[in-house]
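Chain lettering (A, B, C and D) follows the sequence in which the chains are written, and residue indices restart at 1 in each chain.
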């Protein structure tokens, strides 16, 4: 073993990224998004990107930053309701948008990282999501055939990672990150804590290092909360 | 929350098991097999069972015990080379056997527990495994369509479990156990350490409790080693 | 009198059974968690990857890494489990979740539901709703009986793009509770003080009224 | 002189590149781990759910819960990861494993491989071999050049049930190293002291010999 996958920072991690590429970005809402990599992407300036992510950020954070700079040509997501600029670009036709069911999105990413080119799911049968897709009955129920999703670059955020690329996520910041990590030709992980091999229990690894190609410790995490809901102490 | 899924022991856990049912049993070789549940099955005496398990145990341990008592009508496995009685029953036609690629077996169990009735895999294309199955080209490569596998009862073994059914596996005893846990109409987990809710970190759970219906602490684990390979100290 | 949102949630909560795993959608469904009857233990599944969702955190204890599918800060409970989005929808599609409660814009009398898009106007996306309605064996839709213009949301045929076909089994509105049957919406309970005639007048889809329809107990 | 098993393993080990993830099959392939050249870091994947497989344990430290795909007791290394069987074959099918080394009963000159069954006689099952050969971009097959009866195992067409079609890229036997090309088995190296004529005599499939064939360095 001993494969040191460290790169110096987010900018260095994006080496090889080109206009027109397909990217995946982990996160659910603003929870578990690769903040450093998104900021570096905005600096990088690559254009005509296809972005696959469950959401599109908010106007001034997350993938919203790349919408502002008009680097995104097409967005594949399941829910984009938090972003006014997104809605404007979509309704005006500036932005291509492919909205797909959340479970289908998750499974398509996993399929891309599992060598499964297609699978059947019940989600979306009979709706416009199934238009143009093969449908089939199994055991009396109707299903839609969905294809895998893969990315030139997958950008994920983990809580902890070691230099071999093994990743551990924290709470619901896990979400799409492990699935997108599997589906990248080049997968970059930014982590809050970069540790030495051996500091993560093998049984606690969520993403085995084989799926990760570059890793670095992120900085200045904002971790913005979208809906701060609290209760009063009794 | 607070769903107590405890049953007293392996015999009680098998309540409702009937002749002719389909069972899954976790484990790879003798590593991570549900020892207590297999012993209880032999006592239970249910017949004409279809067993889905990566291997068939050895002559006097693991699923080999159920071959001896001729409770198994059909075996679905990927590798059965360690069991002379198995080979005898198979070659004589007493036992129906469906041998399938190991990765396909794992994925079919996961599919059964994921509501995915069918998927495409490259494994077995052009071989007798693909006979009678749909094949299709995706992006220039040929694939075989495989169906999900589900079981009336899934028998799994974990290292630790809580009364809500959350499971944690140890080292390579994990193998097929989490996948088969997903695919059972009734999933029974035997664990070496049964603990209270809250004693397992939510981030460390390998199998969420929703997949487990009955749980008990096993006893007298033999954990037999098939190939004891060691090195001398320098 | 028509039910308010909390009363709708309270009525739905009476459908919970001990040991249920439940997925509650955004909006009125979320309120159901506040009305779980004593003695009934249910486990809440949040499709962003959490089983055993606890209440909102105390002020100052919010964790940005711990939210529910509505992006609200929540807490863990003893026995909670965290998992990725693929595993989350695996358990949904494999029907391990016993009850799904969600909102809708329209429902048709054959059980179709529309909830995610108003073409050219509101396009937020379906999130996990399409997976949930296509998979759940037990779905309760809750919504207002009419839209802001006073038009029925219980229709012969949905006018908006569908979220799922023939999947809704039960509907609770501010006016009553309905089962979807081959003959149409069967009225099973009236909101207290709401007449069958009022419900008939506000229901565009086929409505089935058999015998005396009892008033809802709250 | 024909190579022994350790020499075959040693020659294969020279194909390892720094940073490779490698899956080694049961038998001769397992021996490759003993010959990894200095300065080359590779990570061994065992398809029962282990990345970063370490050496056999010291006597008395065997753990029944920690085995490799050959069911041998092994150890962990700093940086090892454990996963379930579906994830294990996910990484195999997604071609994250850089090199797969496995044994065979027969190989044909178009790259077909037979390794799992002798009908009516030996039916152990394919284990993970079908997944591995159908997925790996880089497969080395190692085996004896002939069977116990002295018959060639490098054939025009496999006589036994196939494990995979057109997937084998390279073969190492006790007699030499071969690439599978459209014209057949191309001899790239001879075992020390083994003549091209001997190899030709023991190869039933199409053999391509171009120019001087160098002797293998060990």
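Assume a contact is a pair of C-beta atoms (placed from the backbone, for glycine too) under 8 Å apart; a residue touches a chain by one contact, two chains touch by 3 or more.
A quick note: this is a predicted structure, and the numbers were derived from the prediction, not measured.
Asker: Hey, which pair has more contacts between C-betas, B-D or B-C?
Answerer: Between B-D and B-C, the larger count of C-beta pairs in contact belongs to B-D.
Asker: Taking each chain's centre as the mean of its CA atoms, which one is most distant from chain B?
Answerer: Here the answer is chain C, farthest from chain B.
Asker: List the centre-to-centre spacing of chain A and chain C in whole Å, with centres computed as mean CA coordinates.
Answerer: Distance between chain centres, rounded to whole Å: 28 Å.
Asker: Measure off the straight-line distance from the CA centroid of chain A to the CA centroid of chain B, and report it in whole Å.
Answerer: Spacing between the chain centres: roughly 32 Å.
Asker: When the C-alpha atoms of chain B and chain C are each averaged to a single point, how far apart are the two points in Å?
Answerer: 36
Asker: If you look at chain B, which of its residues touch at least two other chains?
Answerer: 107, 110, 114-116, 121-122, 169-171, 174, 202-203, 206, in rising order.
Asker: I need the residues of chain D touching at least two other chains; which ones are they?
Answerer: 76, 82-83, 86, 89, 92-93, 135 - these are the residues of chain D that touch more than one other chain.
Asker: Every touching chain pair, please?
Answerer: A-B, A-C, A-D, B-C, B-D
Asker: Given the complex with chain D, which residues does chain A contribute to the contact?
Answerer: 1-3, 110, 112-116, 162-164, 166, 182-183, 196-198, 202-203, 205, 208-211
Asker: Which residues, counting only chain B, touch chain A once they are in their complex?
Answerer: 107, 111, 114-122, 136, 138-139, 141, 143, 147, 168-171, 174, 202-204, 206
Asker: Inside the complex, what are the residues of chain C that reach chain B?
Answerer: 19, 21, 41-43, 45, 51-52, 76-83, 86-87, 89-97, 135
Asker: Under the touch definition given earlier, write down the residues of chain C that touch chain A in their complex.
Answerer: Within the complex, chain C touches chain A at residues 46-50, 55-74, 76, 82-86, 88-89, 92-93, 112, 120, 123-131, 134-135, 161-166.
Asker: Any idea which chain A residues touch chain C in the complex?
Answerer: Residues 28-32, 54, 77-82, 87, 90-91, 97, 99-107, 109-110, 121-129, 159, 169-179, 206, 223-233.
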